[in-house]
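Structures incoming, each one as structure tokens.
In the two assemblies presented below, chain A is common to both, partnered first by chain B and then by chain C.
Showing the complex of A and B:
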């Protein structure tokens, strides 16, 4: 059981389509503002192989949450999906289904854990009641069975199930709420789970145990997980594949260990350098220059990373590099990668 | 120089339908920070590290013990003298989104404190303007583009820099940095840490760094001491690098094990273990070791007696069965 995930990742590139839980193509999302549309996600292709964990890294405001919302076709105004297709298990296109069908898929097939679990739980209803609400909304016949399954999951997540079901959200700690969020995403047997900054508000020990639980559940149920975070450490620890997201575009993707060991894009390099590490020379850590992408960055004509790039050339300002394969499935969007390889 | 001796803090919790509860938030903490030095406090949320910081800057009164700043015990001073002394210790809060007044521009905010300083020093308005520019430049902000802005127009990292600049207006000798980077994007954290390091090296401002992230403590205080706090008690202390490489207390080891491993760059330490049980403020004061209920290596004596902080192997630890375990990740 434990090996399925790795095997799946390797098969991925042999027989594509069926192996993908989600296969999104050419996704574009714009936010309408008084000064014109801002492209928040641009021409993104992303595949989530069945039974694997994919990490999506991006700074705040880079559009990573918007991407996840677009995959579920849940972008709210003023955002708008302008093009693209999202194939679920190789068949249904999320972006073309009727809204009732979409609603059923969200929850039953795709689970979602929000960034701030405390804001996603109803403060006026006990957790148990909210599970029943969820069951009714998805026409579950045997609600008792649903509650029992929720209890089982909660125990699996290391919580006192009876107490949690009888509590309101304010009676739970941050770590517990996050776990309750994970329970909600799994209780209808979803096998694709999106986790949006799920460990960001937690401290070290609860973060480690939540990660451990995610990893165990993933193996047990062969889940497909997309984990979105700005913390490269967490993603490096958890995921098998990694997508580096910058200002609405993927700038580098590949196997986690490969991308971390030999990052190609200057942004990835900078990110890895910019985290204080527990091993190696601590003084080698170097902050990333500039500030996070803002609306001006999104409107740039050339390479989005131009302002902050240490190895930019004039041509980078005028045209934008595309995501190219450098080595097996390791892809990079940078004009300077060839030149940069030598150092 | 700042010295803390036998510092204790109890909180009375008023419960409506049951007896009042007492939480022992800080237990017999001793520490010394030389001027221009630094010290890192590590621990989970709820372990009392913030309370230590708050007492140090006078926002909370200790239940017992003393805080000595430059040879003067702050509890023995009169109000005015105390306030003046405490001006030397400035606190930087965790949450840069709540520490700034949303209705004031950065200029108004900086000016408010600088006016007081100008009065004390008998300087004029030019001095205020000069000083404002100087401080904002020092923290890496461009005064021209930032002075007219309101806090909501700034990013988390910029806000934290503004807060640091504001703390510097009163010319402190010490900054208490309480989880200053935990709300900031990982990619921008190092910038703030580097700034603190710079302030310490160039401006001789000592720093008490409170965090749950050992890696950032390692960056800021690689030449200083690390104190690991659990339920208000220091359970291990030593040189930062030594504690990371040769941790003796199981709690320190649990914290180090909890650091994410960067696949492809690092490999996990061979003795790594993950604790899944959660931190709980116990109802009754335990007799034994405070960590016993979560410790994977506990033995029967741990429930009966509480270990004291003892010196061994160039470091201090409070454990009956100390054993060095290699839990920290290593570079490949």
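Showing the complex of A and C:
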């Protein structure tokens, strides 16, 4: 390989990084338990292109929330990030910055909406006071402007802004608190927003309206959004790209339309088959076979999905497949790509 | 505001009613104790070496003023007196007004217990926050162990231990009596410094034996709050750690607030063990003495003071709580 081509590939790599709001490489997170470390996220590479919505889907306990926390370097004990790098806008590595710099990035550049956003506010302070606390923490000079912006966002989210700012958390309903949580993630003009099952606790109608607002704001401000959910319908509706998470690893990723239209990994296929159709026979929906991965699964040498896989072969038991490109940016981690079910 | 006033008036009214009920119960309860003031004094005189006849005459002279009407009538008179703020006359102090005796003893107890309470609360709460936040470090462990140990030592053991250490082994502090009797009481330097040096041991004993309770309660409260979602949320929103510790402390201290104000109420019971060991003329000693001599009016008075203080502290707590915790406001 000649020198020029090396330079070229380096350049294209750099270009690509410039387009990425988040570029995480080789993330490993373990949870320390008395019986040893249990891996929660393993060798995960993930890119969030600027101005896109990425859906991260996986079953409970698959490590999807842990991954998001790892990207912000906010994994809580007993969890521990053992390796990896997270480039923010192609520059700062979140995992190497001083804790003060990390603090300034959290909230200001990366907004986060919680799974339990209903409980994400201090019960003893009014919402307005908490916005001021946030502003002071991030050295906002014009606090009045901040409050005005917060009001604007709250009105956009369909709330009575003045009332909400003067309220305590317990004076708001669950849906209102969720919206207040979204406001908190955006009020400092963060460009990157993580939503961790943020609409799971809402009923279908509130969920739909909140999702609609998120989509609007995303278009308007060209936000980069990562949306974590176990609801494949919500992800299909909202996201451009999708990451399928299984037992702490990404097993398939690509454009949402492409992955859902022609899934390659048997787990993805299984997930899609398991969705009941709105018309037709309810029994046409097939649940995934087997049980969710547990602590024994991680000790397997081979493919983590081996136990539940309908198209496994002996080689799947002995070595683990890596994420490989099948079609442009559609990647799958399976030796049996292209093989049909129940061969 | 109008609601608030109605609530206040109602609470005060029901508080007064409660005080009267408890005063009535106390009235009968203390008279159920074996013995009575006359026989208590009689026994004491016998023990001092008098013949039975001498002792009987002496008692008659001393306690001629004791009412001897039926208990029912005494009760009505007592309650009627209470309603006119007349708490009766002491028996063992030979006719001195109960309110006068109690008012003389109260300042001693207030100096002792209030100082000890405030000191132990401040130090205990602070240590509780630190031991919770640093619970996996040696600092946290040391603090927690210190709390558990001190919490486990009874006041009288603590008092005797400190007295032994600092008045006998290293005689740097005076023992017994509230001040040096050779100094004239008054607002002057030597008297005040004597007061303070005599108060050190009892105050420290009180503070040390209640420090552990505050520490352990605060620690568990802080740990509960630390697990709350909004603390993680505040961290992920990038709030300053000083702000977050403020959030934690304010939320964690709520359960202790009630305990603290109730302790203020119970303060008026004095600290029987400590006052006894250090011969401090406070309410605790007074209560003990009145029980020894079966001094019914004084006992009633001392118990009544505790009753009123605790009920008042309760009412005040209820109202203050609405300012401290917005969730209670209606």
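Points to keep in mind about this one:
By definition in this document, the second predicted complex is superposed on the first by the 318 of 343 C-alpha atoms of A that agree within 3 Å, B and C clash if a C-alpha of one lies under 4 Å from a C-alpha of the other, contacts with A are read in each partner's own complex, and residues count from 1 in each chain.
In this section, contacts are C-beta pairs under 8 Å (C-beta built on N, C-alpha and C of every residue); 3 or more make two chains touch, one makes a residue touch a chain.
Quick caveat, the model's predicted, so the values are computed rather than measured.
In the overlay built on the shared chain, the residue A:337 is in contact with neither chain B nor chain C. In the superposed model, A:323 lies in contact with neither chain B nor chain C. In the superposed model, A:72 makes contact with chain C only, not with chain B. Contacts of A:140 after superposition on the shared chain: neither chain B nor chain C is touched.
Using the contact criterion defined above for the overlaid structures, shared-chain residue A:97 touches neither chain B nor chain C, since it reaches no partner. Contact with chain C, but none with chain B, is seen for A:106 once the two complexes are overlaid on the shared chain. Within the complex, the chain A residues that touch chain C are 72, 74, 76, 103-108, 112, 114, 116-117, 119-125, 133-134, 136-138, 168, 170, 181, 184.
Interface residues of chain B facing chain A in the complex, by the touch rule stated above, are 44-45, 155-158, 185-191, 193-194, 212-216, 218-219, 222, 244, 254-266, 274-279, 328-332. Note for the complex: chain A touches chain B at residues 59-60, 158, 173, 175-176, 203-209, 211-213, 230-234, 236-238, 256-261, 270-272, 274-280, 282-283, 285-288, 291-292.
Chain C contributes residues 228-230, 232-240, 243, 247, 250-251, 325-327 to its touches with chain A in the complex.
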